[in-house]
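What follows is a short report on a single structure.
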């Protein structure tokens, strides 16, 4: 498959930045899931431009359900959302039509689509396409909560400014606290430093990256597959489909490579009659399958490629070297907003694995 | 899909550590690929136990082609390899039958398979399953070389001992040099330190992890997909299916999160009439699609979970806490051998993306 | 997958009869296919209500391209079409909301979707969803013609009135002739009898079925797969997704069961230096793979389930028996229109098989 | 996908007629299914050559489980069966190596595999590959019976000799009666005529075809999907993967095209508090989804292509016309044996649809 995420619960994306709309179709979703519009709005707001820290492009991002929803509940048929594109200023892009923006998909899209792709605003590669993805993810994330599975993400770091570490206990409360925040930090005192760093970068016409840390609690043990559909495989597959993601690690990830087995292993013990592990270096996954502990992973997001500084590049039509200075609206740091995409992808992938075990009707709301 | 890697060129694994054999089926492989048995043997040797640094379990690992190969060439029909299991000492495992080995799949397999799984030697979760995977990957890796696409991996680090950095130039020669080595280092002087560290860990009944760095050269620009089948998505999907892998990063990966956009972006320029980038922080992938530069990624491999030290665990039948001391043959560090699995998965995923663009016959040998 | 047709070139459908729109997404389509709006309109017209012989529901069925098309050419990115729903008279359906229309999907949808489905106009099961399918099929059918592959369908029979048999020669000309007709008959003299039979049925509040015969010429030998993706498997998979289709046979199909092998076999011979078969009882497919002869198959379409006569049924909410007399606009015979759906599905499935062999770029227009 | 049947419960086939073995892998099968070896043997015997009516090639067809089975129960991991090839007389085929057997896959395989395919005994296209398919299907068919879903097939006709029609009632008993017979007839009195017709054809060096009628009872309403994974789509997909199948019809199939809607519709009524239909012209499927009535379909099987008579053909290496008279062991009529393949495919497809709704664990045995 090409443009499809999931085996049982599948998502297909479509649209372009400067086309009439962006959209996505969710297939395999159970009937009878009540759509909480406040919940949906909150997740969409997490993704949207948040004031001076983000792009100045403003979009209402109103989610239109054109299929699969009736009277506020999923029907069980393909669920398609559309989000109209507004406030499009193509002129911002005309000047750079054939100058490949460094580390953007301009040149690779030209090589793949042979010149037929829409280059305005990045066309199909625009971050705009994550809007319908977040909308679908929100519906599934909310449905998972009814099943006791909670997903949350915090900004573990921006540049070299780090948030606090995840606590070991009360994960559900921590997740709900994070989901209630626009600025997803465990330690709110870091907000000022991070904001300043982003604004400084913006003032320089530059950008910053960071790391998002995600935790999933309430996932029962035994979910996932060995080998090719390990939870790490399917989660990373989804996470790397988000623009700007260049690294994913589970549990202690790369840090595990410096530990000894005796340090890295998670001893098992009994707690309230339940098998748990004393530590969670593995991030809740052994052999590709959930062990009942919180799923923990970290996603590396590169600094935004669109910067205001003059850059060397190539005109891919004339094949001549050139200089490029981007006009228009750019996001100095997408890390804060990316938490919404990461949560959406996580919800979709986890729900897919749950449907594999429990079937198509698993996600429906209890009456 | 569950046990399937790839969309066009697909792999299915089967078998268990202590069953009659392990095997795999490769479907969608072009007819007319000449199988170089020396090349295959070399890749299999890269995966095999290498003396004192690895497990003392010895296997001939002779690859039997039971389908899809005739007169030394692929037929184009499903290609199935079997590798018989030998030298099986189940008694090593009887004593620990229901004591979950910490950070192994014992407990998660019990939760998924409800007690019906074969626990001997890890059963289906055994590293033995990577033998047929490496065999299939070797056939594809060799076929890719005929198309000018070369794949190689070096041991970037074991514990805190690091190999040299990848050179910027002559990547093809570097890859061929690495593929010619049993101990995949750019700087052979590191071999002694790494060997000593592994043997020291072994002596302590402990284990080590490390990082593998892989480079692919010769891949044309325009290969891959936006979003859900980005090269990062499909490569990481395959890489995380290898036991012990807990992190994957492309290009500068997590280090990118500490750079500014102006540092992280790769300026484009012309070289010999070809578009290239001056740096390669992106690891040769923009927007999920190859840009013609070498594909570079790093794979984090945790220290082997099987250690000789006494560990706390749980008997998952009696649900009682217990102590466990593993007998038997364990690998103090799988990093050296894992390069073969990483190369195999990389070859399969890259070939799959090439077949998507160029079709089923692309990989066949030129006459 | 659930709502997806194809492996390489994939289609996803969405929408409901009385929702805002119906639509479909085509993924894996090559860039650079020029969209011939006249060709598209013609195929859409073949599907649309044609006067007194069909439903009185009138729809403009204007195809809106909201993704994947720029300046009249495919971009190579996901291609999404929307067709707005107009002229909706839900009141026609209110009276029968919970009375299952016999041989419709009302009851089965209730069983699958547990009461959450949209029942108005059949909801997601409405024939309306074939409009975007025909639109996508038309784009692919036209692209196939540029590659020398032509697809056409005639009304082999309506009730017991039969059209002439397909000629053996000049298939391409025959196909172009059929594609130029609104009433797809080889023998136009049959039009009057068929029209009268349909109008008589309509007058009685009844409906008729029939058989469509499709021929594909220009498909090279060697396309398809053994076993699970045989051309018969993939074509029938697509054809049976069209509402009302209850039978599919290739070549002489069921008639072959009464022949002896010596009669049913197609002797091979040389013609103009090309291998051909003297007869084509196999319908151009041996072992699931095309043999270079025309692909021929027949599709059985049941009489429309919506009839004006009083019928016995059940109220699936009260579980009481009831009588039902349908109001509203019903099609006394969908056979004439179904040729457009059959052509669309055939184009999509054949193109998928060609892309498997020749790659993603195969369908693009030559400049 | 190419060589894969199913979405959730998937089958992959491999092997060649004259290779070491044929085999298949079943993935997604629940753990804890007790394998009834008598049941398995019976299904394998249904497929095997039965005396003078079939090929004289004798195979033990012993099913070896090399993965996924422990202590007589499925483990839940990939289940692979191997069946060794014995009694191979390649010499029978040497003489015809490059003479395409009319209506066989010889020529199409040459076009697809470019001369690299194994032509001995049809290679990968051999009916031998249905042996592992039947073995896997038997395991699933037996598991379905524990869930109350029964599958049976009778020989509806051979040439122009017809069996009795399926009774309307006691379907389960009828199915069990058929499954207990080697010669699957409702009316045993037809056995003599059919046997004589087959032996007469054999004596003439000719062959016969026929129609199989399959019935599935106990399938709950609500199973299947609209459009692309309708039960008709997935069942026909699997059925047409069986060699020699050239037609599939559901319910009254092609006969429906001559009925009026008022005759073809199945009125709903209540029976013992359950919704049923008075007739079953639709074969238990409306809108692609089961309605709770028996699933009924008919499969057209052409006369065996291998006949002893002299036939015109082409040498696909020299491209010269030639005459061919086949030596060796040929089956004058595969219809009797094909019922085993049809049952196997039906079980796999129906189970796949049930797993979609009820999840991966659905098929496990109750303790």
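Letters A, B, C and D mark the chains in the order given here, with residues in each chain numbered from 1 onward.
In the analysis below, a contact is a pair of C-beta atoms (placed from the backbone, for glycine too) under 8 Å apart; a residue touches a chain by one contact, two chains touch by 3 or more.
Predicted, not measured: the structure shown is a model, and the values here were computed from it.
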Among the remaining chains, which ones contact both subunit C and subunit D?
A, B
Rounded to the nearest 5 degrees, what is the angle of the rotation relating the C-alpha atoms of subunit B to those of subunit C?
180
Most distant chain from subunit C by Cα centroid:
B
Approximately how many whole Å separate the CA-defined centres of subunit B and subunit C?
45
With chain centres defined as C-alpha means, what is the inter-centre distance between subunit A and subunit B in Å?
27
Please tell me the distance, in whole Å, between the geometric centres of subunit A and subunit C computed from their C-alpha atoms.
38
Which parts of subunit C, given as residue numbers and ranges, touch two or more other chains?
1-4, 7-8, 13, 77, 112, 124, 226, 356, 361
Residue numbers of subunit D touching subunit C in their complex, please.
1-5, 7, 11, 13, 100, 102-105, 107-109, 111-112, 124-125, 129, 157, 159-160, 201, 204, 206-211, 220-230, 232-234, 236-238, 240-241, 243, 245-254, 256-270, 273, 275, 277-278, 281-283, 285-292, 300-307, 309, 311-314, 316, 319-321, 356
Touching residues of subunit C toward subunit A in the complex: what are they?
1-4, 7-8, 10, 12-16, 19-23, 25, 27-28, 31-32, 64, 66-68, 70, 73-80, 82, 112-118, 123-124, 361, 364
Which of the residues in subunit B come into contact with subunit C in the complex?
7-8, 77, 226, 355-362
